[in-house]
Amino acid sequence: MEPQNDAQILKDCSPYVKFAKLDELLALGRANSLWPLTFGLACCAIEMMAAGASRFDLARFGAEVFRPSPRQADLMIVAGTVNKKMALAVKTLYDQMAEPKWVIAMGNCAISGGPFVFPGQYAVIEGVDKLFPVDVYIPGCPPRPEALIEGLLKLEEKLTGKRRWPVVTPQ
Amino acid sequence: MAGGDPAMNAKLPPSIPFQPVDYAAKGCHFEAVIAPDKVVEAAALLDGAGFVLDTITGVDWMAEGQMEVIYDFFRLEEALRVAVRARIPRDNPEIATISGVYPGANWHERETHDFFGIRFAGHPDLTPFLLPEDATYHPLRKDFVA
Amino acid sequence: MKNLLHMLLAEPFRLVLALLVIMSFVGLNAAYLVWVERKGAGRFQRRPGPTEVGYAGLIQPIVDAIKLLSKQLIVPDGVDATLFRAAPLVVMVPSLIGLAVIPYSDKLVGRDINVGLLLIFALGSINVMAIMLGGWSSRNKYAIISAARVVSQNVAYEIPTLLVVITMIMVTGSMDLNEIVRQQAGGFWRWNLFRWDVNPLAPVTFLILYVCMLAETNRSPFDMAEAESELVAGAYTEYSGMGFGVFFMAEYANILLGCSVATVLFLGGWQSPVGIWSGLFWFLAKMYFLIFSVIWIRWTFPRTQFYGLLNLSWKILIPVSLFTLILSSAMLKIF
Amino acid sequence: MTTAEAIPAGTGRETFVLNLGPQHPATHGVLRVKMTMDGEYVARAEPVCGYIHRMQEKMGENRTYAQFLPNTSRIDYLSAMTYTHAFVGAIERAAKLTVPPRAEYIRVITSELNRISSHLVWWGAFLLDLGGFTPLLYAFDDREKILDLLEGITGSRLTYSYYRIGGLYNDVDDTFVKGTRQFVAQMRPRLKMYRELVTENIILRKRLIGIGPIRAELCRKYGATGPVIRGSGVGYDVRKIEPYSVYPEMDFIAPAFPEGDSMARYLVRMEEMAQSLRIIEQGLDKLPAGPVMAEKVPRVLKLPAGDYCYAVEAARGRFAVRIVSDGKEIPYRVKLRSPSLSNLSLFEEASRGMLLPDALALMGSLDLVIPDIDR
């Protein structure tokens, strides 16, 4: 009998074996209850606050519970420039968060160092993905609160595989 | 001291060699170039005359082999900005601290030390201020390479 | 023989059933009070609050619970692991026990004992001990400051609470909660809140109990234990996942207990304010009104200063409650 | 009750170090404060900066004046307009450019709008420090209206870069003028509501009155400016003392409260918002017609060698730019004198012996923007 790989076995068995939906339930739970860490670095943090405020209201998606302690947060929104002095602290915060955890890199600085990168620069980290894995990148300098909400929906999509609202393309 | 508005002249300590500057073009009323060892004395005089320390900064004149330290002062009661400049050799940049006179100078001097490597003799704590704790480089020197 | 059978089978069964009902009641309440709080806060702050997860965000608490349950439980290096794990278990106990003796209606009571009030206040401080344990065992400076604060706050506020309770025991002459409620039958003017004849300062007494309840449950404006802008997350700083979730739930369970006690002692429990159709509905209505006011206060006032909090207790609440105690005992003696 | 006696040496009382930040809800960013605590009393609070140092001054040295312009709105992102004003002001001074009056008026109007939005963020965040959450959302609600107006003319919500060397990026339209008038009319009753709801709240007053007193002399020694020094009774305001742009033509006062406590600084900022509304109204009334860009702004801008300074009153105090030019296209040195740095530098001395929550209230009342300190 020829050797089969795991995926093949699973595929062959799939008509007969039904896997529990627990994973999907957990994913749904996690996606709809993303508690961000209260962690603002620079300009983008103000837009992050604006996204939590009345007009945009992250609470609609259950994501307004900003937890000041990394232990209780699910989502780290890196909102601003990370420099070499700060890098260790950001890394520590990420390590202190309980699994499962996600990271949104908000703004150009967090994505790539943004406008603060030039030949011979001595301070900024050129993208937080050099420190830890990033799930969603939101470009902008700073991104609008709508963009942050879109990023959050993208993260939910990544978790559940389903998109909450259809994507609106500009006319 | 020559020229300028007499009312303003009266506010300045007479022993510092202030020269009037065209405010409309430069944004400063008086400037004085003093010897590096006179800095503390000048600061004490300005403090006595009620000036506020605006900022301390350095300029790296690499071509001339010099570092310039610029002390900006202003008054709270009227528009009167003065700058005091002192030049020190670039290969041994050392100047006395004025943090004993103006405690607010502490951070400005630390920052200037960070950026230019200018040592402020007698400063209580010249550890890096804006740069990482273990930084040994001085990025605003003109010959700095990252 | 029949008696023995009753003792061995029916009564334990009834107790277990009551406990199960109370546990689910507490769980459901804690979950949905969070929803009310989030939705209410949204309304106070001119925003919709949770809307997307279920109709009007109604599934939000369940989703949060699923997420918290599935989070990693971190026991950080250097903590006292036993105490660290025990604290969240202990914190729920007093409110569960307390709710077992609260009369929800004439018949609906977990265990109708004649020292119910004593039981509640004898065990009521355990949750503070749990917060202290959690804070102390976390080996986190914020948590330790918070633990110290919680203890001194509790010491300060336990005294006026008990003075008020003693006053009420004297006024009603009973520690049986159902008996206290029964005495208040006949309409809202018969509630202990308006018993001018024996306690002319009854509304003040109620206010003291209410303020103490806010302080003992660590609610704003007395939320010293979890002073977010000062102490990060206070005693809970190191707790992750459900460890934090239990503390979070216990806060609401304690509010539930506090508001229930206040309802029973002052607002006539399950008695109707107009004298007819008394029952469970009135109890819940009064209790939820009190809970709503607690939420309302949280989103309206800034936090007090810690010495302000202690001053309030030692300099105002304790003398006033002592005065009401003496006054009502004098009234009882004279009339 | 607010201060403890200094701990005498050798009494055997144990202190511990509490590390506040770089991620802490009260530090509004990435400031770190090393606090030596005696129980809940602050024995020594030493701010540690540099966690968001972004090389702004180095960047000034390796790009042209126009290329550095966007950076100026990212130093203190809450009052981006005033910071850009200082930078373009220094260049206009050096290049002897005359800015058309319409542009100057629009600069003043937008700067004051920006000041209100900055103070609103401070107000909300400060109340958040004190444990009141709701005011933040009210403040942001009002702020959104300002951002709508500014977005309409600049295209950006936060980092405007609206002022250009010699004038403005573009002219304002009727929508902006009408909208601003409407905003001023709306904002006055809101300020009254804030006063009644928040300022007169007993808990707030207890937490602010007499807490964190800062004497005027301390401000002078440390170079603290803006609302901090005005809260100590000194009416120093760059707009009044060293006027720039068209501020001399405006009728307003620089409010000063002599108490020096956190409440005084609070009241200064609240009153400043009302004064800014007055300035905006006058600016709209006097708004002249005409171009918004100076003629003959050189394409390749080279400043004559020398030093050029320009100071403005930003939302946090005196912001000054010093440009050292050696006659090239690229500045030789750009020094940015930020108000937050000087304001924070007195924290160590002012907070000694305070309780932790009071020290945090004091820090909140200084209104810090950390990237403004670290640059």
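As written, the chains take the letters A, B, C and D, and residue 1 is the first residue of each chain.
The rule is short, and it goes like this: a residue touches a chain if its C-beta (ideal position, glycine included) is under 8 Å from a C-beta of that chain, and two chains touch if they have at least 3 such contacts.
Remember, predicted model here, so these are calculated numbers, not experimental data.
S.K.: When contacts are scored as defined above, which chain pair ends up with more C-beta pairs, A-B or B-D?
M.R.: B-D
S.K.: Counting only Cα atoms for the centres, state how far chain B is from chain C in Å.
M.R.: Roughly 62 Å, centre to centre.
S.K.: Can you give the whole-Å distance between the Cα centres of chain A and chain B?
M.R.: Chain centroid spacing, chain A to chain B, equals 46 Å.
S.K.: Between chain B and chain D, what's the gap in Å when you average each chain's C-alpha atoms?
M.R.: Whole-Å distance between the two chain centres: 24.
S.K.: Centroid from C-alpha atoms only, then distance chain C to chain D, rounded to Å. What do you get?
M.R.: About 44 Å, centre to centre.
S.K.: Which parts of chain D, given as residue numbers and ranges, touch two or more other chains?
M.R.: 24-25, 50, 53, 55, 58, 137-138, 141
S.K.: Got the chain C residues that touch at least 2 other chains?
M.R.: Within chain C, the residues that touch at least two other chains are 45-47, 228, 232.
S.K.: Give the residues of chain B that touch two or more other chains, as numbers and ranges in rising order.
M.R.: Where chain B meets two or more other chains at a single residue, that happens at 131-132, 139.
S.K.: How are the chains arranged in terms of who touches whom: line, ring, star, complete or other?
M.R.: It is other, because the touches fit no line, ring, star or complete pattern.
S.K.: Once the touch criterion is applied, which pairs of chains come out as touching?
M.R.: Per the contact definition above, the touching pairs are A-B, A-C, A-D, B-D, C-D.
S.K.: Considering the complex alone, what residue numbers of chain A touch chain D?
M.R.: 37-43, 45-47, 49-50, 53-55, 68, 70, 80-81, 83, 85-86, 89, 93, 115-116, 118, 120-124, 141-142, 144
S.K.: Residue numbers of chain B touching chain D in their complex, please.
M.R.: 24-28, 50, 52-55, 57, 59-60, 70, 72, 74, 76-79, 81, 83, 102-104, 106-108, 115, 128-132, 139-140
S.K.: Can you check the complex and tell me which residues of chain B touch chain A?
M.R.: 131-133, 137, 139, 144-146
S.K.: Hey, which residues of chain C end up touching chain A in the complex?
M.R.: That would be residues 38, 42, 45-53, 57, 59-60, 62-68, 70-74, 228, 232-233, 236-241, 244 of chain C.
S.K.: Using the touch definition up top, name the residues of chain A that touch chain C in the complex.
M.R.: 25-26, 28-30, 32-33, 53-55, 57, 59-62, 64-65, 67-69, 71-72, 74, 96, 98-100, 164
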